[in-house]
Amino acid sequence: MFSQITLPATLGNLRQFLDFITTCAEKQGFCPKRVSQIELAAEEVLVNIFSYAYSEPGGEVSVTCGSDSARLLIRFEDSGIPFDPLSKEPPDVTADVSERGIGGLGIFLAGKFMDEIHYRREKDRNILTLAAAPKAESEVSL
Amino acid sequence: MELNSRKEGDAVVVSVKGRVDALTAPDFEKYLSEQADKSEKSLVVNMKELYYISSAGLRAVLGATKKLKEKRGDMMLAEVQETVREVFEIAGFNKFLKIFDTEKSALEQI
Amino acid sequence: MFSQITLPATLGNLRQFLDFITTCAEKQGFCPKRVSQIELAAEEVLVNIFSYAYSEPGGEVSVTCGSDSARLLIRFEDSGIPFDPLSKEPPDVTADVSERGIGGLGIFLAGKFMDEIHYRREKDRNILTLAAAPKAESEVSL
Amino acid sequence: MELNSRKEGDAVVVSVKGRVDALTAPDFEKYLSEQADKSEKSLVVNMKELYYISSAGLRAVLGATKKLKEKRGDMMLAEVQETVREVFEIAGFNKFLKIFDTEKSALEQI
């Protein structure tokens, strides 16, 4: 779900753009402080466009507001020896069969199939998190 | 945005209420500049009821600070709300602005 | 909303862990192909823990599955001159008042208040997207 | 996981069904190794009904490929499903494995 507003790129439309954006942020449940920070960031971008983007009057700005989908997160915790899988050299997948060692592909495959891998050591635990983002059609893209 | 001022000894105390954004900043800038001229030395800006400031507002404050500097005066802020204070801090303005918890403590420093 | 399973770190528990994870991914609406890729990534991590994490039997693995919150995305589009705000040098915020130029803080502030800024030029348009992630308590953290 | 094999001239055709993961991979590895020994030259593995393979399965395939290499034979895969094929490709195994659309076209290549 996303909404859009398109107006001429002039300072006179600043408030209307910002109202549109803060309403969207409030609906998504951001706290007032965060909404204010988001508003400031949006103002900075808009004022720059108003001031610098067009050499002649008549230019427009479109603002699209919405959210992306939540990611799936899978977190693995163990209290084994400290091991950061991200510190491993990736295997040489261009090597021919005779130069291939047995093993060493597991972490590499996991990395290829997930959108993100994060590792941290916390107290005496290894915490590894995999994240997968659904690629939905109806969302605002970056 | 609402602006007020009064004289207090060598200083001028300005209070600004509401929002300073790109729309209101030009008036704020002009007002601050005039008050900086009027002041013998320093300017205290009470921000108790200022809820929002963006880079356009920072520019106004910077301009007035430079002006005061010429007559060896200071820009002093008092009763700055958390969100507004954060903007000043991120921009590194706390390096050359004095920020006070109360207007009174600002005036005592002059 | 997230769920958790904790079992001894042995290969005999692999299927139970994977069933738990694929059920979670399916519930979140991932297509079968993506579920299979997620399963593979999870297997690689689990088998590594089973094989290498503990020098003595008795160790455990906890798996937590869930999602993070959707981010707010705000996209600005204009057809003005090409301008990548990310290419600007950040201002020196440690400079004293006499060395400060007027301006140059807008983009910097926007960047500080948002979690992400992305820019791309597409056809004759500037597309700038700001993203803000809510910091909810009840989600799986990375 | 289900495993079957038959002899076809100089080659052995193996078919593997279901999943090859860390649990089933040891059996798969042993079976492939035995069939590689039995074969005069090459091994064709029909993967039409293989739905899942992880790195443990890749290890088994790599081991058998090395073994066949010693007698100048090839490891040939036939009718590989898309998700499984992707795993082989990401691991770069398509460099030394031959992947065929049908079992027939694999056998014709021997």
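Letters A, B, C and D mark the chains as written, and numbering starts fresh at 1 in each.
Just so we're on the same page, a contact is a pair of C-beta atoms (placed from the backbone, for glycine too) under 8 Å apart; a residue touches a chain by one contact, two chains touch by 3 or more.
In this text, all values refer to a predicted model and were calculated from it rather than measured experimentally.
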* **Euclidean distance of C-alpha centroids - subunit A vs subunit B, Å** => 37
* If you average the CA atoms of subunit A and of subunit D, how far apart do the two points sit, in angstrom? -> 40
* Length of the line joining the C-alpha centres of subunit B and subunit D, rounded to whole Å -> 76
* Residues of subunit C touching at least two other chains -> 37, 40, 44, 47, 106, 109
* Please set out, as single numbers or ranges, the residues of subunit D touching at least two other chains. => 54-55, 87
* Chain-level touch network, classified as line, ring, star, complete or other -> other
* Structure fact -> Checked against the stated definition, the touching pairs are A-B, A-C, A-D, B-C, C-D
* If you look only at subunit B, which of its residues touch subunit C in the complex? -> 54-55, 58-59, 62-63, 65-66, 69, 87, 90-92, 95-96
* What does subunit A use to touch subunit B in their complex? -> 11, 14-15, 18, 33, 36-37, 39-40, 43-44, 47, 50
* Structure fact -> The answer for subunit C against subunit B in the complex is residues 92-98, 100, 102-103, 105-106, 108-109, 112
* Asked: Where on subunit A is subunit C touching in the complex?
  -> 2, 9, 21, 24-25, 28-30, 34, 37-38, 40-42, 44-49, 52-55, 59-81, 83, 85, 106-107, 109-111, 113-114, 116, 118, 126, 128-132, 134, 139-142
* Asked: Within the complex, which stretch of subunit B touches subunit A?
  -> 21-23, 51-52, 54-56, 82-83, 87
